[in-house]
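Which chain is which? They are A, B, C, D and E, in the order written, and residues in each are numbered from 1.
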């Protein structure tokens, strides 16, 4: 469903991504990990064209993201994305956050958008908070709203960029639980995370990156069993303590 | 000296001071603020645009305008606007533009440079992630700006925008170079005609202080009201 | 570019715009009913009537456009105003830029001081502080005289005439140098007119004229003719002068009590638009010195 | 346009006997710079003090500083200039008033004081904003190391705040140069007043104002350039200083 | 060494600390944990008077922090503190960061201050970076400098407020290692942290707070063995996953 082929990306003279390739199939849950600055966020943002690449090709559901003729807005509307800092719109209520893109982008009627939004809000257990503003919710609650917002667009796949790293330790689980639920329902997901517990539980593929390169791209069992590169082994030893 | 303050001159010219002078000042302030914010926002978007030519043009405009004293800008525009208008509508002779439209155009163009800088830092203060979130939901550039970035930038910047408007309110007094009677100008004219400068300027200072202070007090109240809950 | 000149423009647009001043009492100023009034304006209105007749127009709209000393030239040049009705000194330098109608008033530079300070001539000002208004020919003359006659005066500059007067009133300057008619108006307008004295020694001769665009002979002739007719009308002209200089004038009913100076009588009898002071009266020594310097 | 251009006017002798019109402009520029620079030094010193006091925990002092700011920024400069020059000496005791009036260069001194106070209120706002923009932890870190509050301000907060507010301070610097033109209302013959004098004497109004405009632009570009150099010079490696919002003229 | 007795603190009408008491003895390593907003940071900041309390008393080395006559600067100079966001002074080089308080507060000569500062910089393994600015170091390195800065003052005790929570997962260990070293050398420490691994390894006392109150104040073994309050048990179950 997502085909990344030999992409390269530079910021000025600095190469962030070097020859990265990977495939995500329908229903896959892919976890991307690696040291800070290794290009994980950049990689995941290239998938829906938020970061352009200078070289290589990306196909999502057989649509070429890298083709200048592609209507990126339309494509993005079909891929849900959840950010580290939630990025809810602080000036809109939770309900408005859930409906604005449905109305403006998918041209749904307000009633339909509301119904859809509230359905997913209920799914993440926050129906009672629909009239609050994001600033009035805890971090974990905000992140769950962000997930509901992405789901309201009926995405064909979901991208997560360190969805729990800005959360208080107590709240990490409430978000991971929602994500586990999604994975179990068969949602195609790409997840940048350091939560190896989550990876072990639901991932079927692990990509390990370092210095802009994909160092490992294998099944969960291969990765945790015997990571092939010394860099990955070193990383795992640091992160699990 | 203060003993023989002649308050009568204020009473006598009350109508002129307020119905002509203050009305003009308020009218110009409000219209120039509205126009300036709209144009300033556009300029800010231009400055932040990825297109180098566009952003260079906006940057040049802003820096040029900010380098020239407003008095001189008002002066130049009074004479140049008729020629510019003639050039736009293709009239062979300069078009007569009244002092008020000329002042309004000048203030909008001038203040836009300042509002631009405010809106620019307002837009830049919005986390980049907000733009990404908008784009990731499928909104295009203009939808993201209109629904996500600008409403927040605007709210965050309301205090600075209003502070700038208070500056604008005071700057309107510079239209004396066009001899249009704004509040200060009206007071000045009365003062000069009747030789009562001290009384008039003291009165002007008191009125301005009361209004500006009141306004900035309101700004602070408003700031607490509209601040986005974070 | 101004095809057919100002006359054609007036005929075509059915309107004429007069440049007027806000505070040149009693020549051109705003009264407390927000009407522009004054000696120069009355003269201009007579010109307007004559123009209307000459052009055979049933209706001529008159617009009053306030000008300042800084913008009267550009506004004249870009056609915003057609006649400037203020209190502008006519001199040869300015004639490079604009044309003047026949002289309508003649003033002399004098000093105004508090009676208590005992100043009767320029010589009494030795070592004292003198104020003159920024950008006036008076200021330039005083600077030159100060050097020439070794007076050692400290000359300070007022932004405009009322502020120059305020300098004397608040004691920041011992005397103000200015056109005598303006000094008379300031004194009459002050809180205590009795406290001030205007010296009798004339330091210069300066003609005032109504200003118009240069290089438009047809229009200038029409204006000149109209004005000369007024000047020569005798009775009418006397009444006009009396109205502004010898009677109470709005807004406060002050009377300037400024009898017609002989130089003015002379020029009304024999109208001229010359920018040379010598054409009006014997030029005082002081002014000659200044002219030589130039 | 019915206008007689004469760009050679600047080489002609000015009637006030001090030299050519070019000399008139030059002397105007010098007065502008003298007024603006002196007032700027004063505004910086006062502004940093008042701005710092605004951020102090002492409510009473902070309130006083706020009152100072409100007083000087809520009345148009034009009017303040007038009040300082004509009204202030009159409300003082007679002797003090007379002493002020007798000061040599009284208009210049008054203009500097007035501009200095006016601008200091705006510098104070910037300084307070700059200090508030620093992470709260910085003040705590300073005091936790045993630095006194004064030392924390001196060695930790103010040096950082100064860097943060450098861009808006540049704007204020430009403003004070432009605002110094208001000093012409009390008789300081600075650049704008010189241009006006030239046009009144010669009637070459466009030439005079073009010259003034160009000089202002050149001076301001010079200031922007110098401040930019300063910004670069004090920039901290690995640290992006974000400018606070700036307004005003 | 540190005696906190029945302190109460309000922000306006909101009570942040309610009747908190605890004692830290010389050589103790006390870990303070609890949910977000429970008052941990506030409590630790009251110890060196960074946050005043309205009620109760705090004695540090027999000096009353709460006594208005106490010279707080002098006291603070003898208690090291490390913050979540490091709070190095960005405009000073690493060396200047280490020496400024020694020179200004302890009135040490520059040479002595330098020698002392560099000694501790070496101790945290960053001697090579002495001329850099904080912005040029990674988060983990900055936090180690912050610890060296506090140590340069020869403190009698150290306070840590979530020293690792702003760090990338990879860098957490390099900071924890330094802290473990300190603890083993017998430094008296109060540490607010969610790192239960650290707590298990070096703490001898655990304080659990909730809603501004000290709920548990016991030895490490008691706490991890069988926490007495349901709230603490719940917290632990969420945080260790």
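By our rule, contacts are C-beta pairs under 8 Å (C-beta built on N, C-alpha and C of every residue); 3 or more make two chains touch, one makes a residue touch a chain.
Heads up on the chains, UniProt names are A, E = ATP-binding cassette domain-containing protein; B = Glutamate/aspartate import permease protein GltK; D = ABC transporter permease subunit.
For clarity, every value in this text was computed on a predicted model and none was experimentally measured.
Trainee: Chains touching chain B and chain E alike, please list them.
Mentor: A, D
Trainee: Considering only chains that satisfy the touch condition with chain A, which of them also satisfy it with chain B?
Mentor: Chains that touch both chain A and chain B, as defined above, do not exist here.
Trainee: Contact counts by the stated rule: is the higher one at D-E or B-D?
Mentor: Of D-E and B-D, it is B-D that has more C-beta pairs in contact.
Trainee: Look at all chain centres (mean of CA atoms) and spot the one farthest from the centre of chain A.
Mentor: With centres defined by C-alpha atoms, farthest from chain A sits C.
Trainee: What whole-Å value do you get for the distance between chain A and chain D if each is reduced to the mean of its CA atoms?
Mentor: 52
Trainee: Rounded to a whole Å, what is the gap between the Cα centroids of chain B and chain D?
Mentor: Here the centre of chain D sits 20 Å away from the centre of chain B.
Trainee: Which integer distance in Å separates the CA centroid of chain C from that of chain E?
Mentor: That pair's centroid distance is 82 Å.
Trainee: Express in whole angstrom the distance between the two chain centres, defined as the mean CA positions of chain B and chain C.
Mentor: Those two chain centres are 37 Å apart.
Trainee: Could you say which residues in chain C touch two or more other chains, in rising order?
Mentor: Within chain C, residues 1-2, 70-71, 74, 77-79, 163, 166, 170 contact more than one other chain.
Trainee: Which parts of chain A, given as residue numbers and ranges, touch two or more other chains?
Mentor: As it turns out, chain A has no residue touching two or more other chains.
Trainee: In chain D, what residues contact two or more other chains?
Mentor: Within chain D, residues 1, 86, 90 contact more than one other chain.
Trainee: Which chains touch, pair by pair?
Mentor: Result of the pairwise touch check is A-B, A-E, B-C, B-D, C-D, D-E.
Trainee: Which residues, counting only chain A, touch chain B once they are in their complex?
Mentor: 45, 48, 50, 73-81, 83-85, 87-91, 100-101, 104-106, 133-136, 149-150, 153, 159
Trainee: Quick check on the complex: what are the chain D residues that touch chain B?
Mentor: On the chain D side, the touching residues are 1, 70-71, 73-80, 82-83, 86-87, 90-91, 171, 174, 178-179, 181, 192, 209, 212-213, 216-217, 220-221, 224, 242-249.
Trainee: Give the list of chain C residues in touch with chain D in this complex.
Mentor: Residue positions touching the partner: 1-2, 69-71, 73-74, 76-79, 93-94, 96-98, 134-137, 139-140, 143-144, 147, 156-159, 163, 166, 170-172, 213-216, 290, 293-294.
Trainee: In their complex, what parts of chain B are in touch with chain D?
Mentor: Those residues of chain B that touch chain D are 1-2, 63-64, 66-72, 75-76, 94, 114, 117-118, 121-122, 124, 157, 160, 163-164, 166-167, 170-171, 173-174, 184, 197-198, 201-202, 204-205, 208-209, 212-213, 216.
Trainee: Can you list the residues on chain A that touch chain E in the complex?
Mentor: Against chain E, chain A makes touches at 35-36, 138, 168-170, 172-173, 176, 194, 197, 235, 238-239, 241.
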